[in-house]
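Structure first, then comments.
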Amino acid sequence: MTAITLPAQVEMKKTREGFGRALVRLGELDPRVVVLVGDLSESTMVNFFAEQFPDRFFQIGIAEQNMTGIAAGLAAMGKIPFFATYGAFASCRAADQLRVTVAYTNLNVKIGGAHGGISVGPDGATHQAMEEISIIRAIPNMSMIVPCDYWETYKATLAAAKHPGPVYLRFGREDVPVVTDEDTPFAFGRGEVFAEGSDLTIVACGVMVYEALRAREALEERGISARVVDLHTVKPIDAALIERCARETGAIVTAEEHQVNGGLGGAVAEVVVKTHPAPVEMVAVMDRFGQSGKPAELMDAFGLRARDIVAAAERVLPRKTARA
Amino acid sequence: MSPVHTSSDVQPAHAAGRLLWPADRLRAKALDVRRDIVTLLARSQTGHTGGPLSCADFGAALFFHELNVNPADPAWPERDFWHFSIGHVTPVIYSLMAERGYFPLADLMQFRSFAGHLQGHPSHHDTPGIEVSSGSLGQGLSVCCGVALAARLDQHPRRVYCVMGDGEQQEGQIWEAAMFAGHAKLDQLCGIVDCNRKQIDGDVEQVMGIQPLADKWRAFRWNVVVCDGHDVDAVLAAFAAARAHRGQPTVILAQTVMGQGVSFMADDYRWHGKPPKPDQAEHALRELGTSYAEWSARLLADRGDAAAGAGAAPQDDR
Amino acid sequence: MTAITLPAQVEMKKTREGFGRALVRLGELDPRVVVLVGDLSESTMVNFFAEQFPDRFFQIGIAEQNMTGIAAGLAAMGKIPFFATYGAFASCRAADQLRVTVAYTNLNVKIGGAHGGISVGPDGATHQAMEEISIIRAIPNMSMIVPCDYWETYKATLAAAKHPGPVYLRFGREDVPVVTDEDTPFAFGRGEVFAEGSDLTIVACGVMVYEALRAREALEERGISARVVDLHTVKPIDAALIERCARETGAIVTAEEHQVNGGLGGAVAEVVVKTHPAPVEMVAVMDRFGQSGKPAELMDAFGLRARDIVAAAERVLPRKTARA
Amino acid sequence: MSPVHTSSDVQPAHAAGRLLWPADRLRAKALDVRRDIVTLLARSQTGHTGGPLSCADFGAALFFHELNVNPADPAWPERDFWHFSIGHVTPVIYSLMAERGYFPLADLMQFRSFAGHLQGHPSHHDTPGIEVSSGSLGQGLSVCCGVALAARLDQHPRRVYCVMGDGEQQEGQIWEAAMFAGHAKLDQLCGIVDCNRKQIDGDVEQVMGIQPLADKWRAFRWNVVVCDGHDVDAVLAAFAAARAHRGQPTVILAQTVMGQGVSFMADDYRWHGKPPKPDQAEHALRELGTSYAEWSARLLADRGDAAAGAGAAPQDDR
């Protein structure tokens, strides 16, 4: 358990920058690491790596299927390829290539999916990837991490390089609060309890971890004790931790910047009904496409704020006592 | 596959929705379109600048001369079908639509805003006249093949226009659709490639070379017309050649310059995806013979009471 | 409630044949119906339609992305296009085209995904589509039906043509027991109770509905009363029925020939935790790729038999009483 | 993109794993391969017949003359890389592998069975020597681009061979990979297209015409060699030309006949995906100069005690 307490003023930083910086570190650490991009060097921040290691950087152009296959070929020859594009295209445009060439062969390919979530903002629905968790979870041999901030993304990227087999990393577009620091523990496949609590557990990933911590403060004022779990690795899922939270707190609220069907909420629901059935409320995008707007406007409009988590907590608690 | 009818078998279009403007008026309209693009981007402070500016001239020729459409009735049965597979060039798409009368010019000032109906990428759900949403590259030519196929099935003379990007030519789906259209001899279909030689990460030929592009399209059984995409006379000639060509679809490789029309944007890939800052916009609009104050006022003045610029009704302005 | 009782000798028929026959009927009923195929006319049984309506049949070749886009264009012009290929390619190869061009535009495109499930047999993992439910559920505006037999597939295909918007139909490859008949009620979006029961509910789709009915017989002999629900429409899901079953029987077993993550089991789990938390056990493919073998061998080896449903029922019942 | 090294810059391959068999021995091996294909399909009663038979001759030339591999050590660092993007032709792939010594010939008799390790489509997880799984068409050339890119990065002279189908040319990903390889000048890469003019639903040119295919590849900046895919001398010459060509990848358009070698299968698309019934197999094997009894006995006799046919070790058979 790593207690995270938010200062009044939280530093803001992009998760994808953690990816870009970590790639440079990996470039220094391991000559097998190579990077591919589909005409999005700056958006995915692989340009840092490109500047340091031009020989190990491959521009593929606008051809995500081909990029996925090329990464597979590089991995088959012992390289550790990371390829980067927007999440909408990393997960959907090359899903068959991920399934057959990468996952079925179980190749050591790492996928950087940028611009996940409604907070992508003005680009609108096509560029707001919100289906990746559902798709990647369905494919055997795939792992997936949805880090909550800059530092966790940095660590997740290093961890992905260490983990044998295909790993999908999901980032957002905007500056988001830095809630962890360089020393916050991170282990692939293990959820982190960021705040203890006894009345319910908020299980979150990505930027929603920050909203969960804020929600916890608001609930505390109302005398409600909420545990906060940062479930960065959505596959493989930390079932033991989720079961423990269901048993110990008896109610769960999930929070994700992703479609509600088959995402983090779905993954948690699957564990809960198989282990310790407890009421769950989900804060997520309710099976609708996104739209243009300022990131903050959209987080409000799509109900992805601390207040929405608080409301979900207040819905879930009576359901809990009703069953006690 | 149904027996091949080429459009020569079917009746000529009821062309009441074609404006057939002469080149000089098209040049003037293209200038307005560039002013719209810079102004709406200065307002939104988000969106793509370079590609929209390279599309302005052939875009004006397409909307104000070539297309048979009825902005007052976007579902007008006689209409031609137009589609931008490069969904990111919404500033030029929306400017052309508004100038043509699909919706008020004032709406352009709400580009990419939560309140407005003009999404960052074209959305059928939000914007009247957008028939199929786009924004993920490479998908549009397939859609246009389907539309042309439906027209053939219905013995409808509708023509189908698909605007693509040169970087977009790197997507394999483009070549799947190209193969199909060539095979099916969809001569009601006309592709237009905005060959501005740039994409997000730089020069197309350095990022992922697509040349020899004309040879590729020919090898996929298309009629190829290469023209200066900023010379409206040349573009009109290309459209005429496409219309006259039978038994094959035609692709127009429009040679353009990214950011064309604004000195400090021209031929610079860094303008692909960013909007001009207020001072840059002012500078650009001065080059375009207006100012932000003047042009934004012109846009905001049109709230749809009267049809803007070239009017809405098919009969208008013949 | 439509009581289904299985005769000793059940007729065997392919679900995809129901699709092929229904397309011919639709061709007669509605001139707007057109059919596209990606070089798989016989496997998907659209060849029946092709023979009857050659002018409205389009061969696209091996280009699933293009086929999806062409169907979209036809739909935009008022046609009702059905396109057919193997489910692995219908769901994965064109996922981005489904998401952006078809679903975001909300076009009236119908997708026939053949060869779903492990029972595809000797072709092996690449051709055994088992991720479609998870992928399609994640995409807004999409609907999806997984019919249980020939007649239900026939009705589902007619229903898909009536339902405005994109609909995905999933079929298997093999002859499967015909458990319904021409008159069995079918309504898009509504699950059917095929057998009443009070101790638990078996929620199944596709060929697993037959296995569920057989499991029910075996459970009955052990004095266990199992309700059987045919949840053919997996999206939109019949939440009211699932909630009622959770409340009335207190335990659920889901059964699907599909990956366990985010499929039918996941969809049911999501409803259960949001409405009436109850223990659920899932009979599904446990996040692994398929392999070659005889269909029957594989159904056995992957634990997709009536006996596996019985075992799951016996696991779930004690969990239920433990909470009572 | 890293600065381009063409293979001319790097050291010649340590070629101990090349058999360099002469044409007459290759013809004899190709006959064995056809006997294997028909026999294993007669046994499995499931699988593809037509494509495997059209690949037999150039396949024998590839495995028994051209490829530098070590079947006893599939991960031998010096090895060339070979990949069948058309995963459905496993009968010829497995026959070539077994004949070359990757695994016992007896294993062929368990093709597509639950018990055996020979999956319906190539599986890295199940079969030693299969480096990347395939079965979904259109994906293999991209994989081979990645392998060639890795070789260039490591200054490794490895050659990379990718077998494609002619129907498979309809997949857009093929053209994405073709564009990349041409752009990157991957001259260690050699594509082979089994141009048997058939696919599942019939004639390729009727289903979805891919012609003019040579023009397409040239327009994607490849060196194109057209040859008779059943004439091993012509195939060896094509391989030599590919090996000698610098600065471009080479594609060999192997003109073949689906079902080649069996009179009643030849040039008939209905043999794409079905196995011969026992009587048909007997008839076919008689045409191939053997019988099911004789050939299945030969296969079952090889349980791996001795390396089969051409042996496993690189030095073998020089």
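Chains: A, B, C and D, in written order; residue numbering restarts at 1 for each.
Definition applied: contacts are C-beta pairs under 8 Å (C-beta built on N, C-alpha and C of every residue); 3 or more make two chains touch, one makes a residue touch a chain.
Quick caveat: nothing in here was measured; it's all calculated off a predicted structure.
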Measuring between Cα centroids, which chain is at the maximum distance from chain B?
D
Could you tell me the distance, in whole angstrom, between the mean C-alpha positions of chain A and chain D?
41
For chain C and chain D, what's the span in angstrom between their mean Cα positions?
37
If you average the CA atoms of chain A and of chain C, how many Å lie between those two points?
30
Approximate Å spacing (C-alpha centroids) for the pair chain B, chain D:
45
Show the residues in chain C shared as contacts by 2 or more other chains, in ascending order.
59-61, 63, 65-66, 88-89, 93, 96, 99-100, 104, 125-126, 289
Residues of chain B that contact two or more other chains, please.
123, 125, 133-136, 138, 170-173, 176, 179-180, 183, 208
Given which chains touch which, is the overall layout a line, a ring, a star, complete, or other?
complete
Can you name the residues of chain D that touch chain A in the complex?
1-3, 81, 123-125, 131-136, 138-151, 153-154, 172-173, 176-177, 179-180, 183
Over in the complex, which chain D residues touch chain C? Could you list them?
44, 46-47, 87, 112-114, 116, 118-121, 123, 125-126, 133-138, 167-168, 170-172, 199-201, 207-208
Footprint of chain B on chain A - complex, ascending:
37, 39-43, 59-63, 65-66, 88-89, 93, 121-127, 289, 291-294, 297-298, 301
Enumerate the contact residues on chain B facing chain D in the complex.
170-176, 179-180, 182-183, 208-210, 212, 215-216, 218-221
Using the touch rule from the top, collect the residues of chain A that touch chain C in their complex.
88-89, 91-93, 95-96, 98-100, 103-104, 125-126, 131, 134-135, 137-141, 235, 252, 259-263, 265-267, 269-270, 272-274, 277-282, 287-289, 319, 323
